[in-house]
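What follows is subunit A paired twice: with subunit B in the first complex and subunit C in the second.
Showing the complex of A and B:
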């Protein structure tokens, strides 16, 4: 009688791939935590706004709706370019994917720079962090998003460098794309809650 | 004798009906958002498992060296490296530390 698991028997070894790569799972967990943080900010903003008699408070500058709407479109374009780059990469078209990724990086950089210019203009117009909850919430929520966008831009720069040398792994690209989608998808919600 | 009903945050809901509505709305929002997110992640993982299973399924029940494998390897060599496409785009285990 032959023992089960005998070394004489040929054993079929099938290497199991994780359903979701570890890097993607880590970004998913991080995005979930950050999502709840922004949800808390938005909730506090909603209650603070409801408690105010007038919004924006008297003497405070009105937020730039049109220019920020244009900037929102630019960021959404960056997300579309990132999606396009991912699909091209999956199809094996690395050169075209690289160009699309560069486009996404350029649009994302424009968004952050434009936001910085708007911030400087609002500061000059007297929108301060401490004067009213209006300014405090604005700088907290938009600033937190800008920080995430800067981190995302760093990740995109890293991905561009790796893709240019053909050393970018699929999992890393997936994880980076997922984070950038989070940054892009979050902004229209923040624009709706903070600006409108 | 019976105490009045108090909200969890007496400051948030005491000022105006609008504030009370916002407080209730954000409570619902903050309660449902994590559940929605977890549900979406579960659906995503499920779809990934199903897609992996559908890719692996044709390889089973095939004789070793059968038509499928020969066709697949020929297709791989013709459509992958020979056309200048990235070899790592089809493989998972490409070394990362090389760059």
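Showing the complex of A and C:
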């Protein structure tokens, strides 16, 4: 009845180059869904804040603005290093790309550790998770970001290991960078909404 | 997280080796088997959903009598049955069957791909879904029983075990829902990536069959709307278990906040399940009208328009929740606006029928039944979307009847449309037409007898969250009670007719007549596979299809056959 496809046509499926590689597209969609989740956290935070007469509520400590601002810069530095790692990789300079990626990993790790120290200090100062939505939202939103940063660091470690052996595929690197940019770019927004 | 899966193309290597039973049926990566797993899990869950409906309808019609197969229904059990019915039917029946099962089964076949973009991610998606279903069913049997705060889980009642009286059930409910969302997030990413990057050579955007568009747009809606609900679910889980106060007004929380987070997801969700069902009609109607789908581009644009608008209507669920009346005006306008693209789509399907040579096969009957039933659901929605009328209708059985006239067509009529149409592709055999028609008419008639009376009781002031009307003398009148009994009896008839479907499905699966590869003489790519049902990889790797034209070329003048498959050059 019919020829299924045409045998004389060179159908080479695996060689076709999609506009956006599978892995990158998948991370893009995932990040989109995550952004909506954080948008909801931020709007919920704004509503919680509007409902309170005093912000911070009486007896609750003020959030550390300056040290977190410094830490924000460190995380942004990690993002810049990641960007360089990508460009150098695309130029074929795998060795320098590897160094830039290590730099990004170091700055990212510093950020997470520093946040952990801050968090411990706030707990000691009596910022309560339960007493008011003020503390609840702080731990919820910053904790959600920290969780994403930890997953991102895991991905960066994986990329470092693969790039060191030069077995990192281009799409995987692109996808991993994309996720890390999401972690980096989200933070200043959270800093603005939660701390300021 | 997807980084680790970026080269997930194990399917290609497996092409020519025989798969063991476990590889094929228990841990498959083949999109067709994952689709069938979703399909049968969803249908199995529908038995639960239906059973819960039977339990609480019996209690409403015959208060405090012992219900056969269940016993006396306590108030807690009544609440739990209502909650489980709603949750199961939407999240464990409509979503897995319409999106996950048909999406998995159809997308690679209809776009001419050998499998999904990420087959192992796909398998993981089903496994997470299965765990979520087990958690939900198990919650019925834990101390305190299953969650009874309705599928909307409004706080503060849901936020504290002192109010909900289900210390474990409410958290298990939330965890099950969260797991299920993780599963569909993985699935949705897979669908969109596959449809973007896996299309056969020559398949342009407007050569893509409508069902693929609809499932992808539905997946985008799902992914864009689910984030706020996940955020809200985390906050509610913390309120329940860690003592935070996001939603509890006693210490500065805001219960209305949950309603916004929930309905920001909840209303697009209606369209998430609606679009695949309308997509099935878009596939089935041209085949059995032997006519091109009328205005392909317009159907597509109305779908996108519906999707965009669906994000701006959520507060019509909250007209009586104390929102600003000016705000209610805005949401009245957007809600009434969204009926325009949907009405447009219905008109286009009717226009497709016009002048066609219509064949009343079972799938076609279901597709027409969908349009008829959904129309009633849509039109009654306009009354509820207008804030002035909604203040009176709110929380009456009018609302229940309205959304069952949308959800029943979506979850069941839509599923039957797709299932009976693609059954030959799934199992290689034809279903019995006579049994199919008996099932169709039995279901349609009894379905209308369930929900038409509920419009009447709702208009009579029947509140929907009442366990026993005898406690409310003005609602316990014989007029209203007779309508309630009519609805319940019709439900029993409806359930009885489903056994015909179950028998027909399993009998035809093994003993039905062999269908051949293209029994409906349809044009889309799934009907061009050399094997039927298609083997692993769908087409031979050296003979994948190439597309030359649109998906609905029926009755093209000057051709001998009245259909022109997408992959035929001339």
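The rule is simple: the second predicted complex is superposed on the first by the 181 of 196 C-alpha atoms of A that agree within 3 Å, B and C clash if a C-alpha of one lies under 4 Å from a C-alpha of the other, contacts with A are read in each partner's own complex, and residues count from 1 in each chain.
FYI, contacts are C-beta pairs under 8 Å (C-beta built on N, C-alpha and C of every residue); 3 or more make two chains touch, one makes a residue touch a chain.
Since the model is a prediction, treat every value here as computed from it, not as a measurement.
In the superposition on chain A, A:158 makes contact with subunit C only, while subunit B stays out of contact range.
In the overlay built on the shared chain, the residue A:172 is in contact with subunit B and with subunit C. Touch criterion not met for A:70: it reaches neither subunit B nor subunit C.
Once chain A of one complex is fitted onto chain A of the other, the partner contacts of A:46 are limited to subunit B, with no touch recorded for subunit C.
When the two structures are aligned on the shared chain, A:192 is found in touch with neither subunit B nor subunit C. Of the two partner chains, subunit C is the only one touched by A:26; subunit B is not. After superposition on the shared chain, subunit A has more residues touched by C, the comparison being subunit B against subunit C. In the superposed pair of complexes, A:55 makes contact with neither subunit B nor subunit C. Contact with both subunit B and subunit C is seen for A:35 once the two complexes are overlaid on the shared chain. When the two complexes are laid over each other on chain A, subunit A has residues 20, 32, 35-36, 39-40, 47, 51, 169, 171-172 in contact with both subunit B and subunit C.
Contacts from subunit C toward subunit A in the complex involve residues 1-7, 12, 114, 117-118, 185, 188-190, 192-193, 196-197, 201, 223-228, 230-232, 234-235, 238, 242-246, 251-254, 257, 261, 264, 528-530, 539, 541-546, 565, 567-569.
Against subunit C, in their complex, subunit A makes its touches with residues 2-7, 9, 11, 13-14, 16, 18, 20-23, 25-27, 29-30, 32-41, 44, 47-48, 51-52, 57, 129-133, 136-137, 140, 144, 151, 155, 158-159, 169, 171-172, 175-176, 179. Remark: subunit A residues 17, 19-20, 28, 32, 35-36, 39-40, 42-43, 46-47, 49-51, 89-94, 162, 165-167, 169-172 touch subunit B in the complex.
Put simply, subunit B touches subunit A in their complex at residues 12, 15-16, 18-19, 21-23, 25-26, 29-30, 33-34, 37-38, 41, 44-45, 48-49, 52, 80, 83, 85-86, 88-90, 92, 94, 96, 98-99.
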